[in-house]
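Supplied in structure tokens, the structure appears directly below.
In order of appearance the chains are A, B, C, D, E and F, and numbering begins at 1 in each one.
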Amino acid sequence: MAQEQPAARILAIGSHPDDIEYGCGGTLVKYASAGHGVFLYVATAGSFGGDPELRRREMEASAEIMGAEKVFWGDYTDTQIPESQQLVGEIEAVIAEVRPLFIFTHWRDDTHQDHRNLTACTLSATRYIPNFLFYEGPTSQNFSPNVYVDISAQLDAKMALLEAHASQMTKTHIEETSILDMARSAATYRGIQARVRFAEGFVSQRLLIDV
Amino acid sequence: MAQEQPAARILAIGSHPDDIEYGCGGTLVKYASAGHGVFLYVATAGSFGGDPELRRREMEASAEIMGAEKVFWGDYTDTQIPESQQLVGEIEAVIAEVRPLFIFTHWRDDTHQDHRNLTACTLSATRYIPNFLFYEGPTSQNFSPNVYVDISAQLDAKMALLEAHASQMTKTHIEETSILDMARSAATYRGIQARVRFAEGFVSQRLLIDV
Amino acid sequence: MAQEQPAARILAIGSHPDDIEYGCGGTLVKYASAGHGVFLYVATAGSFGGDPELRRREMEASAEIMGAEKVFWGDYTDTQIPESQQLVGEIEAVIAEVRPLFIFTHWRDDTHQDHRNLTACTLSATRYIPNFLFYEGPTSQNFSPNVYVDISAQLDAKMALLEAHASQMTKTHIEETSILDMARSAATYRGIQARVRFAEGFVSQRLLIDV
Amino acid sequence: MAQEQPAARILAIGSHPDDIEYGCGGTLVKYASAGHGVFLYVATAGSFGGDPELRRREMEASAEIMGAEKVFWGDYTDTQIPESQQLVGEIEAVIAEVRPLFIFTHWRDDTHQDHRNLTACTLSATRYIPNFLFYEGPTSQNFSPNVYVDISAQLDAKMALLEAHASQMTKTHIEETSILDMARSAATYRGIQARVRFAEGFVSQRLLIDV
Amino acid sequence: MAQEQPAARILAIGSHPDDIEYGCGGTLVKYASAGHGVFLYVATAGSFGGDPELRRREMEASAEIMGAEKVFWGDYTDTQIPESQQLVGEIEAVIAEVRPLFIFTHWRDDTHQDHRNLTACTLSATRYIPNFLFYEGPTSQNFSPNVYVDISAQLDAKMALLEAHASQMTKTHIEETSILDMARSAATYRGIQARVRFAEGFVSQRLLIDV
Amino acid sequence: MAQEQPAARILAIGSHPDDIEYGCGGTLVKYASAGHGVFLYVATAGSFGGDPELRRREMEASAEIMGAEKVFWGDYTDTQIPESQQLVGEIEAVIAEVRPLFIFTHWRDDTHQDHRNLTACTLSATRYIPNFLFYEGPTSQNFSPNVYVDISAQLDAKMALLEAHASQMTKTHIEETSILDMARSAATYRGIQARVRFAEGFVSQRLLIDV
């Protein structure tokens, strides 16, 4: 059947440059290339992991590869994202501009305080957006996905996004394991669960589906 | 964007006539009318709740209103659906014929043994089907949905499906509450969670989404 | 058996005018009319949802209909309730005055930051109160009740409480659904689970029962 | 307030002699002595743990101490209780005779197959009984109670019930720990959570409360 | 510190040849080579996945590579493992012979009925064994590990175990993904969570640790 | 087998003097006496529960009995421990000095705000420590352990640790129940689950085991 399906607007939210790419970069590439509008909010320039100017440039380069329409930058300091009404308000302002149909953000149980706090604020700010999905990252805990996106055709592109963050490649706290190794194994692992070659996994808080 | 989207084949599985309608009737009406193929497997004729011949006829009438392509009937006795390899095999045979992309069945925590056993067998038989959603019913326990279908435009049709099961209208074990009252309040309640007028709620075990 | 049962003192805690009524208004009407002492703590005047003076008056009117003995008002700003030791102390002071046997408050998983923060402080302040129940609201997430109160005889009174908050009637973020529609469908939905006509559902954290 | 409160009828269900006593013996003593009607269903004579004739006599003696009105005996073999429609039917027959308001049974996650199977059947058979509580035992897993009964005044009586099962006193699989030691420590441990001297803890599946 | 640590006896339980290897093969290699006694119980010869004689030989070859002391074979038919008292008894007999300190078996939530049923029986039969760990497999659901074993030095050996099951190499239901690809990605993915190069992840039901 | 097993370094974290002892004192005595290095971080002097100078002295005495190498003192005020980046940094500094292999801290669901906040900060600060276990206390909620330490030989020593906090002996909010009664019943109760005489129970977030 041919259906007239309008382009959706998607807002992905992350604490540091490369968080979004690790969690849902393949999904965003897929949707941007299908004509949907992809927008990113990044709360900090990630100064804890490297020179913030460099990291901003890496992020902008990654967003361009992804086909994202715009990166919204928060002005928070790495490791110090607060759970505050001010941050809720900032995300609400982004939402007022983007009017997204989908929100992607960090899974709520995470050992990184920035991730926890940003997600708490995001839950508040996006209260009336119909589709809300949590993505996973290396510091997620107790994450058990119930929704998947097949990224078999986007895995290389996802790797390219992560390679754009060249300064972060080996900051994994595990010897001989690069961020690319981690992302590839996660994509294979989630693919097994979704019965496809490569996938990204999500926990759905709420999702209005159409077959 | 105009997308060529192929018709999906959907298999809904229930223990007794009207279980499927209560849990996901609105969703099935929506998808059938959108051109997707809707198939039903009903394990028993529901003799515990009324004359089995009558109940079969009610079910067939409901399936016709729904636009379902076929009702597969199991030959089990109401209240005695087993958790058995034979039942797994029967569902596998239906799947081999229908080749569905989506499975809908009872939520796994339920006070009715038929629902629990049928769902256990369905989990086994549908192991490699990519989309698997649990629907709710009056005997579900601890059900907290994470996926919704907007049935605002299908609520009347859902009521019509349930009315086709005229023999069951007041068998709710609650005074002054008909099955229609129950279904309508559930649709409103799940709509609140999905931020739409009326919805059906599902727990996703796995779901491959495309925006 | 005739038993001499002393009147219990109940403290219900909510962030904004009408939160308590939506979550457990029928229960409070039932207990107030049975001679128990009902006390309310409302942390903000709800200025985000309307004129705070008006909303205070609506709340006081509702409390009078309910038969509550007193409304304690917090002095917090709507959307800015903190998780703070000061708020814990304020609730402790109310508890010292009321000496309640029962606490009712927002469910802890909620998209509204005020609800989350108030509940966190309430958990601390009420540590030694034997009965602690969470109520639900439209912004609750993952709420699955295990305790119910039959409000079949109090549904109309519950509607009257909500009507006292006339300024909030249509602020539901869902078209054609008023707060009364929402409350009525929730009461029916929870009634189905409790096998009664209308109910309010609660999650018990701890509850000392006597048959 | 003086309230006319009718006597409730309570049905406690257990697999073997002394299971009920361990899980909720104090509660049953409390309610029987308050004038409520206490009924017991015991599915096996516990031949795996001793002479079945002796164990039946111990059970009958315990029931008499408890003040129970009647012990219904199932005819199942210890370790072989099935999850079957026949057992569902037997429990339904007991319910038809007792018409209980409250059901107490084993917690559903348990390493003993008899406990799991009996509880599955009980969930089905008691579908329309308004109050359903799970009790704990030494083989329960992942049990985290949300409802408590204060048995400070019944602890000695609970010990007497367990002592009536003299043949089981040291069958605990832990050196130097008798069943009395176990029950006493559980009562203290649950009392800590309930903020009373001694308590029994329960998981409520559904419970209609009145303050 | 030098400690005299006695060899532990470990019993790993699986439904089909290669289930144990996929779930905990690296762990078993590690412990066997450290001098502990490794024993295997395999309930079926896996006739659904190939010639049963061939599969038995593959299993015996794998056990030899692993350094296991003995494979106990159940006589069940693939896809038809029952949840029965007889199977509980058989596992109890193996336990009486092996006297293990550790049990490893399938995670309890699984789409394969054989895995679910074997695990239910194992939970019963091993009730008094102090250490009980669930391993994962491709058909596990909702598995979120809390215990890990570092198999960085055993990954190659684990691959060798799986290669011994040559007949199963490509039976993954996912194109272009072999069982080796799956196991390698799982080891990397669980390694990320454990902060080591490669790991196997487990859910602990109970585990008596010593630092 | 004789194995050369290096001494492990353990860091236990608690909000107030005696929290660590109640939760894992027996475990720490066991490991200190086995030659491992035990270090303690106590965030406040517990002025809410008594004279802070006295409580510090009690804590130091207890640490000496325990065989701990050092107590690190935080400078926070009792009841006012924040969830802050500063506290994360302080714990990171302790970790840099101690280089622990194991972290023990409060269970994350607790009615005491100090416990919740300290644990949230600890989760962040210890992100790359391989072994992370939550201990329980009287204000824990929904705690269901999956790891145990046998403290049958250390129960008396654990009692001695708690007796060193003489000022806290009866501050239990439960009549006739001292902190020693509580700890003893918990040790018995957890012992039942671990199939030993006395145990401490833990929830493992991640744990790298070796048999």
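In the analysis below, contacts are C-beta pairs under 8 Å (C-beta built on N, C-alpha and C of every residue); 3 or more make two chains touch, one makes a residue touch a chain.
Values in this document were obtained by computation on a predicted structure and should not be read as measured data.
Colleague: Could you find the chain whose CA centre sits the greatest distance from that of subunit C?
Modeller: Measuring from the centre of subunit C, the most distant chain centre belongs to E.
Colleague: Taking shared residue numbers divided by all residue numbers at the interface, is the value for subunit C and subunit D over half (same) or under half (different)?
Modeller: Same residues, largely: of all residue numbers at this interface, over half are found in both copies.
Colleague: Find the geometric centre of each of subunit C and subunit E from their Cα atoms only, then give the gap between the two centres in Å, rounded to an integer.
Modeller: Between these chains, centre-to-centre, one finds 50 Å.
Colleague: Subunit C to subunit F: how many Å between their CA centres?
Modeller: The mean C-alpha positions of subunit C and subunit F differ by 37 Å.
Colleague: Which parts of subunit A, given as residue numbers and ranges, touch two or more other chains?
Modeller: 128, 173, 195-196, 205
Colleague: Could you draw the chains as nodes, link the ones that touch, and say if you get a line, ring, star, complete or other?
Modeller: other
Colleague: Going by the touch rule stated at the top, which chains touch which?
Modeller: A-B, A-C, A-E, A-F, B-C, B-D, B-E, C-D, C-F, D-E, D-F, E-F
Colleague: Subunit E touches which residues of subunit F in the complex?
Modeller: Residues of subunit F touching subunit E: 1-8, 10, 31, 34-36, 101-102, 128, 130, 146-150, 193-196, 199, 203-211.
Colleague: Quick check on the complex: what are the subunit A residues that touch subunit C?
Modeller: Residues 83, 85, 88, 120-121, 123-124, 126-128, 205.
Colleague: In the complex of these two chains, what residues of subunit F are touching subunit C?
Modeller: Per the stated touch rule, the residues are 79-80, 111-113, 116, 139, 141, 173.
Colleague: In the complex formed with subunit F, which residues of subunit D make contact?
Modeller: These residues of subunit D touch subunit F: 138, 142-144, 172-177, 181-182, 184-186, 188-189, 191-192, 195-197.
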